[in-house]
Each structure stands twice: as structure tokens, then as C-alpha cells.
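Paired with chain B in one complex and with chain C in the other, chain A is shared by the two complexes that follow.
And now, the complex of A and B:
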């Protein structure tokens, strides 16, 4: 091959890669724009319907009736933003669990984290047990859920530190924990009073309705704090998907990276689940949508997962308010019922293998 | 005997002494000491299945722990950082990865470990150059999941070479390749050794290729080195019978090139 021809090929290779990277950036931009649109649509919906102009004016602090401004800022905005933050956080947790466990089924749910959270919440509802000292009663349910979910995560963490633990074993352990916590939850439901039972059932359906600015702040803070830790490991995390041996041959401390990541995503997922209850499916589907759009280079995959998860949950929030006028359906139910057919159509329509 | 290339970069030397590895109480490596592994040379690591070849590689690069020392140019490997240039680059056998990445991205990834988020032109060009060296630049935009076994193996080689290693440990790098590719890859390794002073250690099952391309061979059996030296000195009928349980002869073809011909199998001795 002549040198000129070789130089041509090299320039072409670089160009092709730059185009690919640009296309991925554009896709991220599209996801972000859709998310913004969904967020505004979410704000217009509720018992009183506002126009888009009213909502945007209220957000920008322009002249609108006080009632509109109060409803948008105090009631709807925290809920709508919570959908975005929780959607992003659950999808990021799912993405990293799928990555480090090298398993397309992994999500905060597969590892028993949400089952544990449900059990912790039920302890509070049914037995009035609080894992917090007295005087914090307003936080009993989320704190119970969080501590119980974290306990489950730590259990998985320490079990997976044992020698000879494969990723498959960790997933199996997680599934065993799901069954255990669900059985414990059923036992609690069996002995629960009617009132407590209703509370437990409603909690496990998942709802953004309990959101406050403080909870939103905490969830956002945790997501923002954890993000750079993943970003710094982007190349190493991407390499994990080439298989454990290959990643190790690149000089990556596979075991340490995996443990660290599991711990971080568990904390992230536990926080979310403890605030909004069991919103399944986002942690599973967000990363899969992202993977189909931008592939698994973590520099694109991670933001794409976050945006896809946020978009799905925000869109679900819009739907939960608009399917039956005047009634807000539990968002966990909507996500699964509407999301699953959408997800199926995505999987069946893509030519390349989704995993 | 190795001819030194005229303008050689400083040659690297790796010493491997007394390596032991056990899985539980089952010893896999029993005190493996290799002859000096030098830049510019290809060493073929031979041995039947389950002799401990992959374990030896993984122990050398520090993925497995155990007694013994590995030193590159007099510096113990365990004192070096994972991204140190002296670290040997190990290409494992596993090519099953299905990550949703293009070939270009997968090779880029290998070179970027520990690096920043942004990809410079030089880094992107190094990827294309490596793909061109292996003559697989037409695969650049293909997804890993669409590749055949042989193509995956070529991508694995690209991932190893893009990191500009001085020591390359290859675990059966040609096992899935067609005949033409096998010969091309081995010629390329030969060139890299001679031109760039690369130290190549390659686990390989094809003894004739070992005869043809290796400067020295090391024979591993049941976790111990049973012979090492020049290929034609080591691969004697007695050794082949002892280690592989085959009746074989070392012949010389009409052009003076030695080759092995296998006449049959004898019952393997249990060791």
C-alpha cells in the first residue's frame, strides 16, 4: 500500500469515527429535547389544566395569576422533576448493574433492592417499627425503606467479595433475595390491619405524589455526587463488557471496580425507591433503550441511559394524568403497562442484537 | 539464534522464576521458571490442554497470585502500576464479548485505559493504523456482535497491539483463524519482533508453526516445564510421546525446513 493511500485510509478512519461520535451526540440532544418537552407537558396537567404558555411564563417568573404560579412551583414542579431525577437515577443504576454483572436482566429490582425497600416500608406501615430514633416520624417510611434496601445491597456486596463469586452467582443471590423479601412482605401484609394494608399496597405501586423539595434535593444530590465517579471510570466500565478476562488484561482491577460500582448504584437506587416506592422497569428498560441508540461506550451510554430513563418516567407521569381525566393512576403501573409494549416494539424492530 | 535488527530500540528482558499457582488445594503451576524472554524473540509456549498455559499467562500479568517473581528489566512487575509501559500485554483466549461497540470503538477502548474522555486525532489514527496492520480496516464500523470467531480473534490482536506493548503474551491467538490469516498473523509477529524488538510469548497448539516461527519453545506439562530451547532440539519424538502421547517424527522437507509428522496416538501416561 502506498503511503498516500495509507494516509487516505487513516484520515477516512478518523472521519468515520468522528461522524459516529457526532451522531451519538445528536441523539443525546434529541433525548434531552424530548425530555424537556415531556417535563413541560407534565406541568400543564393536573386537576386544573394550564396552557403551555402559562406554564412557561410561570417558570420564567413572568406575570401569571398567583394560583398558577403557586401550583406550578409548589405542587407540580417538584413532582415533575422527581420523575426526571428518579428516572435518570434508576436507569443509571440499571445500566451499571447490567455492565458490571454482564447480564441484560440486572436492575435494582433483580438484586432485591426494591423488594427490600418494600419490606422496610411495610415494617413501618404495619408494625409501626421505625429504624430511626424517635422524633423523626415524618421520615419513618422512606428511612425504613432506604435502610432495608441498603442492608440488602451490603449483603450482596459482602457476599460478592467472597472468593470465586461469579457474576452469575451474584445475580442468582439477588433473585433469591427478591423472593425472600417478597415473602416477608406478604407475611406482613397477612397480619396487617385494613388501613395499613392499603398503605402498603399503595406504596408498592410507586407514586411520585409524596415528593417534596427536600426529597427532590436529596435524590438530585446523590445522583450528582455519584455521576463523576462513574464518568471517571468510563473507559474501564466499557471494557468490562468485553468480559472479565479481557478487561483484566487491560490492567483494570475488575473485582474492585465491580464492588465499588455495585455499592454506588445500590445507594442510588435505594434512595430513589425509598422516596417513590416500587417503580419497576425503568432500571431495566432505560439502559436497553440507550444501548440501542448509542451503543455501550460509557461516555455516551451513561448520559443516554439517564436521559432515556428520565424521559420514560416523565412520559409515564404525563400518561398517568391523562389516561383517565381527573384521576392520577399509580405511575409504577403506567410505566409497566405502557412501557412494556413500547419496549417490545423497540426490541423487535431493531436489526442489530440488543444485547 | 536470533539476528539482532540493525537499529534496535533497547531490548526488553523478562525473567520468570518459580511461579506457583493453586486453585484451592489443587496445584496448577508447580514452580515454573522460564528461560529469559527477550525482545526480538518469539517464544512458543507448548503443552497439551490443561497443562497450565493460560494460568501461567495470568500469573505472569498478576491476575492470579502465588509465590514466584516476574521481573521486566530487573524491576518486579508487582511494583509497577497497571498502566506502566513495561507491563506485559496479555491477550486472553476468550473472544465471546457481545458488547454493543463497533470494532473501532473496541480497539480504541483498549488504548484509552486510564486516559481522558476526549479522543485525540493521534489516538484515533493509531486505531486505524493497527487495523490496517492486521488488514481488518474494513471491519472498523462493524459491531462486535456481528463478527465471526476469526474476526473477533483479529480484533483481539488489534486490541493488544494498539497498546504498543513491549511484551506480548498471546493465548492461542490463531486458533479460530483460517490458514491464510494464521500465516499472516505469525509473519506479522515475526516482523514486529525483528523490527520493533517486541518480546512475544505465544501459546500455540500447532507444533509445525512453532517450529517455523519460534526462536525458542517452552513445553509445559502438568504445571511444570519439561523442556525448553531451540524448537528442533526440544521437539523430539521422545518428548512428544511423553507430553502429548503421540508417535511423531521430526523430518526435513525438500527445501530443508523441519516439520513434524504424527503417525498415531499412544496411550497417555497418567502423571
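And now, the complex of A and C:
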């Protein structure tokens, strides 16, 4: 009798779990569909006003005028795909940063990554300093930004390895570095010529316009390489959200997991930032959108973060070139303008606590 | 003996004071600057601070004998933004390397104590720094110690403000006569273009102006309906970004360049070795190597925004000295543009000769061609 009841409740629980999982999968599907729609819009809209069929023919490599194929393949496609990859990468970085630092305000930039990258880029713009050997001049700015951002992350990494470091101290360290690099950046801006100053300012506002296929390839590769590492830790990271002590009691080496994750996240964010400049908002808001939709379970949370980030940045890319046709507004600015109202509406309409 | 000693004393005194050969002794003069403020300046000034080093372009044309004698401080942009031009001047006036320089003037963030300690008779600022200067209350602070600030402008609204800016600087330097000659010359040279275009009804070519092309990887900074944008209009062209960019500067979608199918491409460039040693900019300017400039310009036309355009493979792709945009020499740029846009109409116009003549009549340095370059088909 009682075993039958038990079996019933188990079956009921399993059913509830399946319904929940199915609902989450449906939400993932919706996000993916929206992302696809945004990507299509990004590829078909533009001041050159090509028809849908022309764009498709160009994409398929069929016979189209040279200008159509150049616009589609070299101007629209790399930018549209970069928006998706960078959006996903930044949101994933933000998601894991929030998880391991147990802090809803964390983003890939909390630890000073974007400030350091901006400083590295400005070194190149203002003083002509290159951290690369001569002959690699085309890569000066991204390489400067990347090396400087990674330097900052490694500093945090080694300081965090000291005994007694808590998540709060790591965040504090990061914030101190943010201020340091911002001050150094301002100092460079202060001595910059107006030409160099304009370049630095444009860079810090973020731009997908510098995308090339090689950069897109590198960013994609890094994202694809890091993804399985996070996926493998999915359960451990989920457990971490129950609290450090509970996670430790499950046998998870919390300290190691945290350091490892911070390092991976830093690498991922540094790559993105060095190619597109500072697009800060995605890394904060992407994971929050995902959490409100699917919750903390990393098996859903991670892909949902990636999709939400990619969607917001892709939509921002469409808007940045459509608000004033013919001009491109800085993507960092548009991202915040698109993301904030969406984010507000989610926060206000969600009954459960977002964090 | 005593005569010699007195002579020596006088000489050493002259060495201490900036040597300004002026006929009139300094006397208080009312100067109305470009913002409409009227200030009292003891003119001709003997000690002057230039809020932008490139005000030298104007000062040199107003006083070719002794352009830098009264300059006791300046912003450091002349050397940094126009290395080739600065080098030419430095060769002739080695003392300019020792003029104290400041950064950050555009933000009005200069050190007011340093300014006061240099005891200038006047501080001449560019209009674009007015907001920051007002913000810091610097005008009042300097006035209380008897240092007037005067604003001029060749950048924000060069065509409305150039004549008056020349007159203001001339008044401050006590070179009014030369100022009038310079303004007349400038106006006459611009009219050589505008008067001929007045009755012109033929087609006006569409022009893509790329600002600081190749300075960094992104494409394409451009001008709205001011500055180079206005110069193109005056020279009988249609600036394709005029209706797109609301202010003076902006970024155009590279795709827009493809869509607009410009008939002429003009890139601005300068020797930015000190700022972007790895940039793909076209280093036109005084004495620039034409072959190198042409090669770099050709390389810029391989970018996706230009590659498919018929114009990219024609002889209607040009580069021009970026600093024309912030100098009283814009009349040269207008003539160059006019000749590029309407080669037949302006067949007899020779901007190179104009600029050479201008150097001979007004400037202390010899003319070194190289301020512009065109691709050959």
C-alpha cells in the first residue's frame, strides 16, 4: 500500500521534473528562434537595400553582382556573426563570474578586464606602444588589449591563491584594479592628440566594425574550446550556488573550481573585448535574463545565458545601423539602450526573486 | 668702454625679454573675440600663450619675421599632430623646441598656476574649448590677475569665423594691416572657386570624404555638413555624408559607401607616426613622399567599403592633408577639391601655385609640396 503510494509520488515527481525540463527546453528553443530571426534581420537590413533573394543568392555563392557579394560576405556577415559569438561569450563569462563569485553584480568586467583592455588599446593609440614584435602591426591594438587584460586577470588569479581569500576580497581586488586602469586610461587620454583621443573614445564605446573573418574565427574557437570545460563542471557549478559550504560538503574543491573558472572566463572575455572594444552590459544582463527564464541549473542556465547574450547583442547590431540609416551608432551605447528596457520589464514582471 | 657695457646690458636685456620688433608701444585695446566678449588686451602683446599649437599656422602668416618670439607657452599638439610641418618650422626657429607645452588644453584642464607664472599678456584659445573653460571658471580667475582670454575659431564654423578670427589675432599681435591683407587674400582665393561655380548648372559629383582614413582598422569616419564637408560643397560637390551626420564628425556604415556609389573619394591624412605608427594612414603633408602616399592610398581602396566601386580603380581617388581642417589655409583645400571635382571647369586653376605664392608672400618657411596626392588610373 505504502510502496504503491511511494511509487505514485515518485512517478508524480518525475512527471513534474520532466514538465519543468520540457518547459526550459521550450524556452531555450524560443530564444534560439529569436536569435535566428535577429541574425536574418542583421544580414538582410542595411543601407544598400538588397532584396532578400539577392542576399540569399550571395550567401549561397550564386551569381550576384560583385558589390552584393562583398557587402554580404565582407561587411554584413562577419559583423552579424561576431555579434552572436561575442554576445554569447560575454554572457557565458558573466554567468560563470556571477556563479563563482556568488555576486549578482559580477560581470566579466568586475575584475578589471575591460578597464585593462581599454588601457592596453590606448597605449597603442596614444603612445604607439606595441606589445608585439614588429611585423605584426595590424594586430597591435587587439594584442595590446588582450595581453593587458590577461595580465590583469593573472594578477587577480595569483593574489586569489593566497590563503584566506574570500569571494568578497577577490571582488574588492578587481574593483581596485578597475579604478587603477581607468585612472591610467584617463592619464593617457589627457596627453592624447585629438585624433588619438577620438580613436580611444570610439574604441571604448565598442564597435563590431573592426571584425575580420580571422578575428571571428579566433573568437569562435575560444568559445567552442571553453564551452565543454564549463559543461563538464555543470553540476559542481550548480551546487556552488547552494553556498560554498554545501558545495564543499558534496566533495567539490570550491577554491580550485573558482580559480579555474575565473581564468577561463577572463580568457574568453579578454578575447572578445580585444576585438570589439568595451561592450559591458551584455555580461551582466545576459545571465540575469537566463536565470529568470530557466533558473540556476547549469545544464540550462549556460546555454540560455549564451543565447540571451547573443540575442541582445545581435538585436543591438541591427538597431545600431538602423536608427540612423547610413550611420553606425556605437554598439556599446545601443546595447545598453536595447537591453535596459527589456531587463526592466523582466525584473518587474518576474514574481520570484531574480537573485 | 661704457658705451660697450651699456650695449652689452641692452643686449642681455633683449635676450631676457622676448624680442618683439613692433613700432607701437603696448597700450590697452578693446578686442571683441569670436564669442562676442569684449576684453581689454595690452596690444601688441609681448607674451602670449596659445591654447593650441596649431595657431602657429595663423601667427606665422601674420608675422613672418618673428612668429614665435612672443609665444611663452602652447599646447603640445603642433608637433604631435603635424610632425612634418613642425619639423620644418623647428629647423628655422630652433627655439620652439624650448617653448613650455601643456597637454589637456582642450578639456580646459590646464594648470592655471603655470599659466599665471608665465605672465602672459593674453591667452588665445580655440572656440571648442570654451565649454570646458567656462566650466572651470577660468576666464574669471585669469581676469582677476589681469590675464585676458580671447577665443578664435577655424574648426567649428570656419567659414563664418575665419575672417574675424584672423582680425582678432592680428589685433592682439598689433598686425592689423597684415591681418587685412591675409583675410583679403584668403577671400579672393576662395572666390576664384565659388564665383565660377555660381552659374554652374552641370552635374555635381558625389564625394565620399573619409576622415583620417586608415588611422585605425574601422571604416569610415567622415564629415557632416561642416569643415571638410562644407569645403566639398563649396568646391561644387555633394558630400554623401552631409545629410547623414548630424554634427561635424561621425562614422558612416561602410555599406553606405557601397550604396552611395561615390564618384570621387577623398581621404584626409597626415604624418601620424607619433600616434599610430602602425596605422595605414596616408601621410600627406609638407614634403611628403608622393610614391609612398599613393601606395598607401591604393591599399586603403582595397577595403570592402571601396573595393567594388568603379571609382576605386579610377584616378578620382585622392588624399589631402588633414590639418587643412584646422587652419587659415582652407582656401588651398577648396581649390584642390574644386580641381578634383571639376577638372575642366578649373583647368586653369593651379592650387600648387597658390600655396607656393602664399608661402612666398606670407610665411617664414619655404613651400614644400606634398599636401595632396591622387591615384593614377
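Going forward, the second predicted complex is superposed on the first by the 341 of 355 C-alpha atoms of A that agree within 3 Å, B and C clash if a C-alpha of one lies under 4 Å from a C-alpha of the other, contacts with A are read in each partner's own complex, and residues count from 1 in each chain.
We adopt the following convention: contacts are C-beta pairs under 8 Å (C-beta built on N, C-alpha and C of every residue); 3 or more make two chains touch, one makes a residue touch a chain.
This structure is a prediction, so every number in the text was calculated from the model and none was measured.
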Chain A as common anchor, with chain B and chain C clashing or fitting: fit
First (chain B), second (chain C), both or neither touched by A:255: neither
First (chain B), second (chain C), both or neither touched by A:291: first
Chain B versus chain C as contact partner of A:16, first or second or both or neither: first
Touched partner set for A:151, first chain B, second chain C, both or neither: neither
First, second, both or neither for A:234, with chain B first and chain C second: first
Superposed arrangement (fit on chain A Cα atoms) - minimum chain B/chain C Cα distance in Å: 42
Contact footprint of chain A on chain C as seen in their complex: 76-77, 80-81, 103-104, 106-107, 109, 212, 215-219, 221, 241, 244-245, 249-256, 258-260, 272-278, 304-305, 307-309, 322
Sites on chain A touched by chain C in the complex: 46-49, 66-67, 70-71, 74-76, 124-126, 128, 130, 137-138, 140-141, 190-196, 198-199, 202-203, 207, 209-210, 321, 324-328
Complex contacts: residues of chain B adjacent to chain A: 58, 61, 63, 82-83, 87, 89-94, 96-102, 104-106, 108-110, 112-115, 117, 119, 121, 124-125, 127-129, 131-132, 137, 140-141, 143, 145-146, 156, 159-160, 163
Contact set on chain A toward chain B in their complex: 1, 6, 9-10, 12-14, 16-18, 20-21, 231, 234-236, 238-239, 241-243, 245-246, 248-253, 291-292, 295-297, 299, 352-355
